[in-house]
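Paired with chain B in one complex and with chain C in the other, chain A is shared by the two complexes that follow.
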Partner chain A sequence: MTTGQHLPVAAMSRLAWRNLWRNHRRTLIMLLAIAVGVWAMIFMTALMRGMVDQMIEDGIDMLPGMVQVHHPDYLDDPSIENSMPEPAPKLLQALASPEVKGWTSRVRVPAMISSERDSRGVTLLGVNPQGEYALGFNPDSLVEGRFLESPDDTGLVIGRKLLERLETDLGKRVVVMSQDPENNVADRGFRIVGVYEAKLASLEEVYIYTGLKTVQGLLGLEGMISEVSVTGEDYRDVDALLARIGGANDGTLEVLPWMEIDSYLGIMMGVMDGFVLVWIIVIFLALSFGLVNTLMMAVFERIREIGLMQALGMKPSAIMYLFLLESLMLLALGLLLGNLLAIASIRPLEGGLDISAVAEGMEMMGVSSVLYPALKLRDLLLANVVVIVLGVLTSLLPAWRASQYRPVEAIAKT
Partner chain B sequence: MTLSLRLAWRNLWRHKRRTWLTASAMIFSNVLLVFLISLQYGSYEMMINNTLQTFSGHIQVQKAGYQKNPKFRNSIAGVQPLADKLRAAMPEARIAARAAGFALASSEQRSIGIQVIGVEPAFEPGASTLPGLVLEGRFLQGENAAEIVIGSLMARNLKVTTGDELTLLGSGLDGSFAAGVVTVVGIFDSGTSEMDRSFAEVPLDYFQEVFAMGDHGHSIALALDSIDFVDIELAKAEALVSGQNGVVVIDWIELHPGLKQAIQADMSSAWLMYGVLIILVAFSVLNTQLMSVLERTHEFGVITALGIKPRKLAALVMLETALMALIGLSIGVFLGWLVALYFNTVGFAYPGMAEVAERFNLPGKMYPTVSLISLLLGPAVVFLFCLIASVYPAVRLFRLRPVDAMRAV
Partner chain C sequence: MSEIKCLDLCKNYQQGDAVIKALDHVSLDIGHGSFICLSGPSGSGKTTLLNMIGGLDTLDSGEIEIDGQRVDLLSKGPLADLRLHCIGFVFQAYNLIPVLTAQENVEFVMQVQGVPAKERKAKSLDILREVGLDGMENRRPSQLSGGQQQRVAVARAIVSQPKLVLADEPTANLDSESAKQLMELFHELNESHGATFLISTHDERVMRYAKRLIKMQDGRIIEDTAQEHG
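Then we have the complex of A and B:
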C-alpha cells in the first residue's frame, strides 16, 4: 500500500483516537482490563523472580561458590578418601585472575558432635576465615562470640539451633568425632567460640566451623582439602569463570558450576523462565476475548459509516489500518497504565515482604521468610512485547472483516 | 417466569458472536481453573499421605516439648505397655512405639553420624511404609536381635551390604558410653535422599539395651486410614494417655508444621493468580452486558412506557448474564473434567518438576484429583463474579427515563 493514496498518518491517528473515545465506557472498561492484566503479569513475575533469585543466591552461598573444584569422585561419595591436594601453582594462578571475585578451600567431613547432654550428626567444615569472608560469609550472622580468626584457630563456631539441641553454651567444651583416611575414629575436644544464625534454620543444625589446619591436624590430612570454592560476579553467567578455572585443571580434578552441583537450584532457574512465559500468555489469552469482542462491536456499530467511507474512495486497506491503529492505541494506553500500576505496587515492597507466617513451608522449598520482589527489565519488556504483538495479531481478524464489506450493502444496513 | 426465561434466551442470541466470545472467555478460565485446582488437590493429598505414611504417622504420643526440642532425655517411661494399651482400645489405628537417637555408625571402611530409630518389629510395618521399601534383604525380625535396617545412600556411603556388621557409638540415657555391634539385614530405598542417607532402624528392645533406656521410648506413632479420622482418634488417644504424667498427643499439623504452611503458601499464591483470571473474565462480562443494555435503550424505553417495572428489566439483564455464565460453566466444567480425567490416568509432568517434587515427598508425576469440589469450586467463583459484574448494567436501568430513552437510536 502506498501512503500517497491514504490519508496522512496524522489524520488517520486523529480519526482512530476519536473513534476510540466514541464509546468511552466500553473503552474505559477494556483499558482497565488490559491494565489489570498487565499489572498481574509484571507483579506476579516480580514476586516469583524475587523468590527464586533469593533461593538461588542463598543456595550458592551455602554450596558455597559458583564454581567448585573437587576430587572426581567426591560429589558421588563425599568422604575423606576422596580429598584433593591444596591448589597447585597453576590453579593458584587461575584463582588470581580477574574473573574470580573470591575463593576458599575447605575440608568438609561428616562428624558427630557431643555435649555432656546430647549428640548429633553434623558436617564439620575446616575453613580459612579470610576465604569464607571473600566468599560472602556474613559476619552479621554471628549472634554470639566471634568467628574464627585464622586457619589455625582451634575454636568451634556452631549454629544457634544446634547449640540449643545440645544444651550447651558459648565457652563450653564439646567433643567432635570423625574418621581419618584409615578409618580410625579421630576425636578431640573443642571450645565453642561463636554461634551463628542461618537464613534457613535447618542449616544451623548441620554445619560446624573450625580452622582448616586444625581439622587437617585432627584427621592426619596435611596438605589435603575437600574442595575449592570460587565465586564470580554474576551467577547467571559463569562460563568465563568456569573456563578459566577449568583451564587450570591438570585432569586429576573435577571443575563444576553450581547448576551441576545442585541440580535442584539449576532446574529452578529454568522452570522459572518457562513459568513466566506461560503466565504472561495465559493472562493475555484471558484478555484477548475481551479485546476481540470490543473491536467486533466497534466494527459492527460502524458498518454504515465504513460503507460510506469506502463509497467516498477509502481503500479497504486504509479501513483495516484505521481499526488496527485504534486497537494499537487501546493496547498502548492499557500497557502504560498497567506498567505504572505494577511499578507503583512493587516499589513499596522492595524492602521485603514478610511471609514468616508460612516460614517452615517456604523452607521446604529452600526459601527464607522475607520475600524481595525483583522487577527485571527483561520480564517487563517480555510482558509488553507479548501484549503488543499478540494484541495486534488478534485485532487483525476484526480489522480485516471491517475492510471486507461491500459499500452498497454496508450503507443499506441499519 | 418461563416468559422472561425465553425472552432472556432470545436476547442472548441477538448478537451470537459476542455471546460466544464472552462465553469463550469463561470457558477458557473455567477449563484452566478446573485443571489447576484438581492438580493442586491431587498434589496436596499425595504430599500429605506420602509424608505421613512414610514414617511419622497421623498422630503421635510424645513427652510434652519433645516435638519442639527432641532431646534424648525427654522420654516416656513404659512406652511398650502404653502402646499395648492404645492398641487394645483403638483397633482402627496402626500403632507402633519408637525411640530415637544419634550414633556414629562405623563400617570397616567408613564412619558417619546417623539417626537410629528403635522400632517394634511386629508393629512397625503397619505404622509406616518404610519396612515395605526394603529392597534388599529383609526387615527386622527378632524383638531383641542385634540387627539394623539402613537407607540405600547410607549403605553406599558406608560401603556395606546385607550381612555386614556396623559398630554404633553414642551416649546412653544416663550419659554413659553406648556401643553396640549390629548386622545389616536390610536396605531400604524411600526415594527421599535425606532419609536414605541418614536413617536406620533397629529393634526397640535392643535400642533400649544399648542406649541404657530401660523401658523408655520417645514416641508412639498412630497411622490411620485417612486424614479425616484424625480428630476422632486424637480424642480417643488423649483420653487413654491422660493418666500419664507430661505425655501429650499431637496431630500431623504439629508434627509437620512445614507441610501445612507449604500448602497454605501454595494455596494463597495460586488464588492470587486465579483471582486475576476471574477478574479479567468479569471485565469481559461487564463490557458485553453494558453494551447490550446501551444498545437497547430505545427498546427498554418503549417497554417501560408500556408499564413494565425497571425491576423486571434489571432481572431480565441478570437472567441473561446468568444464562450466559451457565453456558460458560457447563462447557467449561465438562472440558475441564475431560482434561483432569485424562491427566488423572496418565499423570502430569513438566520438565524439572521431578526435582522440585522430591522436596515435598512427591513422585515425578502428578495426578489431579477429580472430585465434585475440585471441578466446581473455580467455575462457581467465576459464575458468581460474572453475576456481580452485571449488577452495574442492570442497576443503570433504574435510572431509565422512558421518554428520553425512546428518543435514543
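Then we have the complex of A and C:
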C-alpha cells in the first residue's frame, strides 16, 4: 500500500525501525523511561484503585447492598415510624432475578447496650442470617462463638472493640434498649453468642446483630422491616439491578442505588476516576520531555538525510510520517515493557499488601490495614491510550520540524 | 526542442550586510541527452544553478522550464513529484541513507514511486551489476568505500530512468582512479540510457568527459563550448 509519495507501510516501518536503533543507548534509555513511567502509572493506579475499591466495597457492605428499598421517608428520618412491610410477591419475584446476587430484609434501629460495667449507643440490626451470608457476610470475621442461626435466634453478635469497651465477654448477658413505634422503651436481655472483627475497627463498636424476628418481637414490628438490601455482581454497574428492583416498586417505596444512599461513596468513585486520569497525564508530561528531546535529537542528527530524502522525491508529509512512526514504535515498545512490568509486579500483591504500619492513619480514611491492588482492564487501557495519543501528539512538533526543512538547506547542513 | 530552458535566473544570498549574487542573469538551454559539465571556482554559482534546476531552492527571478513545465512556479508537492519522476541526484557526499543496504538505497526511489517489489528487485540488481557492484547489494554504506558509495548513488539516480541527472561535484571525495571510473560510468549511462547529465565540478579530469562545458564565475556563465569527449 502506498499513498502518493509515501513509502509503502512495510518499507516505511523498516526504515523507522532501523532509524530507531541507530543510537542504541539513547533509544534504550528512552525505552526504559517510558516503561518505568507506564509501570508507575499502572502500578500506582492499581494501588489507589484497590484502596478506593475497598473503601467503596466496605462502605457498600456497611450500607449494606448496592440497591436498597425503604419507606420513602426512611433516609431522612431512619426511625421506627418509617418502617416498610416485608417484600410483597412482586418484589420477591424481582429479587429472584439473575441480576440479584443476594438480598436480605433488616430491621435497623438505634439502641443502647449495657453490660454490668458500661453502656454504649449502638445500631441494633435484626437480620436473617441466610440473607446476610448471601449479601456477603464473611464467616471468617467471627473470631469467637458463632453467628446467628435463624431469624428467630435470640443470641447477640457484637464487635470485639465493643466487647472490650463494655468489659464483658462471650456467653455473658447484656441488656439492649430501644423504642417501639409508640415511643415506649423496649428492652430485653441478650446473651453474647458471637464476637466479630470488622475490617474497620470503628465499626466493631457500632453494629450489634440479633435475629430479625427477635427484634420485630421486641419492638412490636411484626411484618415490618427497615430496609431490603440487594447486592449484584459489580458495584460500578447497578443500572440493570436498579431497573429490575425499581420495576417491582408499586410507588409506595423508595428504591435507591448505593451512590445515592451514600453520596460520599459515589463521589469517591468519580473522584478516583478523575484522579487516575490526572495521575496518568502528570506522569506522561514528565515523560514527554524525554520523548521530545529524543526525537529532536534524532531530527537534528539527520538533517542532511532529511534533505536527501526530499531531493529524492519524498514529500514533507512522508517525512513527518516517518518520524511519527519512529515515535509510535518507541511508545509501543515502552508500553509493552511497562505493561509487562506492571502486571508482573501487581499480580503477586493481589493477595493483599500489609500496610499495618500506617493502618491507624488509613483507618481514618475508611481503609483497612491490608490493601488489595486492583488491576482493572479499563485502567490499563486508559494508560495505554493516553500514552499513545499524547505521545503521538507530543511527537508532532519534532516530526513537523523535520518536514519543514528546505531541501537545499538540509543538504548543506554539516 | 530544448529539454531544459533557463531564462534570466537570479539568486542573491544575504551574508551579513553583503549581498552575494549566486546567480546573475543566467540563461541556458539544455537539449535531450546532453552531457554537460559546469565548471568554475567555488562560489561561482554551479551548485546554486543545479539546485534551482532540481527544484531544491527557489529563484529570486527568472524562469526554468523542464519539458515545457515551469519548475519555478511549482509548489512543494508538485516539485517533489518532479524530482521523484524526472530528476536523479548525485551529491558530493552523504548520498545514501545509512540504515539501508546498497540495494535498498537503490530501490528507495522506486518504492516511493510505487513500483512493484518484483520489478524493483530486478531493476536494482541489474543496475548494481551495471555500476560494478555485483555481490555488494546487501552491504550498508558504512561497509562500502567512497567510490562504491558514489556508484550506489549513481545507480539510484538512474535506476528509474529519469530524464535528467544532476551531479554536484560527484568526484570531489574520490581518488583519481575512482573519479575516472565514475566519469566513465556517467558517460556510458548517458550513451546507453539517453539521460541528460548536468555535472558541476572544478576537476579538470572530469571536464574532459563533457560534450559541452559551461564555465561560470561570480554567478554568470562566462563560457559555453561544445567539445569532443576526450
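Just so we're on the same page, the second predicted complex is superposed on the first by the 406 of 414 C-alpha atoms of A that agree within 3 Å, B and C clash if a C-alpha of one lies under 4 Å from a C-alpha of the other, contacts with A are read in each partner's own complex, and residues count from 1 in each chain.
Everything below uses one rule, namely that a contact is a pair of C-beta atoms (placed from the backbone, for glycine too) under 8 Å apart; a residue touches a chain by one contact, two chains touch by 3 or more.
Computed from a predicted model, the values in this text were never measured in an experiment.
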Which of chain B and chain C A:V370 touches, first, second, both or neither: neither
Chain B versus chain C as contact partner of A:I388, first or second or both or neither: neither
Which superposed partner A:V185 touches (first chain B, second chain C, both, neither): first
Which of chain B and chain C A:A286 touches, first, second, both or neither: first
Partner chain(s) touched by A:L341 [first = chain B, second = chain C, both, neither]: neither
More chain A residues in contact [chain B versus chain C]: B
Touched partner set for A:K315, first chain B, second chain C, both or neither: second
Partner chain A, residues of chain C touching it in the complex: 51, 54, 56-57, 76-77, 80-81, 83-85, 89, 91, 94-95, 97-100, 108-109, 111-114, 156
Residue ranges of chain A in contact with chain B within the complex: 23, 25-26, 29-30, 32-33, 36-37, 40, 44, 47, 77, 79, 110-112, 114, 116-122, 164-165, 167, 177-179, 183, 185, 263-264, 267-268, 270-271, 274, 279, 282-283, 285-287, 289-290, 292-294, 296-297, 300, 355, 357-366
Chain A-touching residues of chain B, taken from the complex the two chains share: 15, 17-18, 21-22, 24-25, 28-29, 32, 69-73, 102-104, 106, 108-115, 156-157, 169-171, 175, 198, 257-266, 269, 272-273, 276-277, 279-281, 283-284, 286-288, 290-291, 294, 350-353, 355-356, 358-360
Footprint of chain C on chain A - complex, ascending: 2, 5-8, 11, 15, 18-19, 22, 304-305, 308-316, 318, 406-408, 411
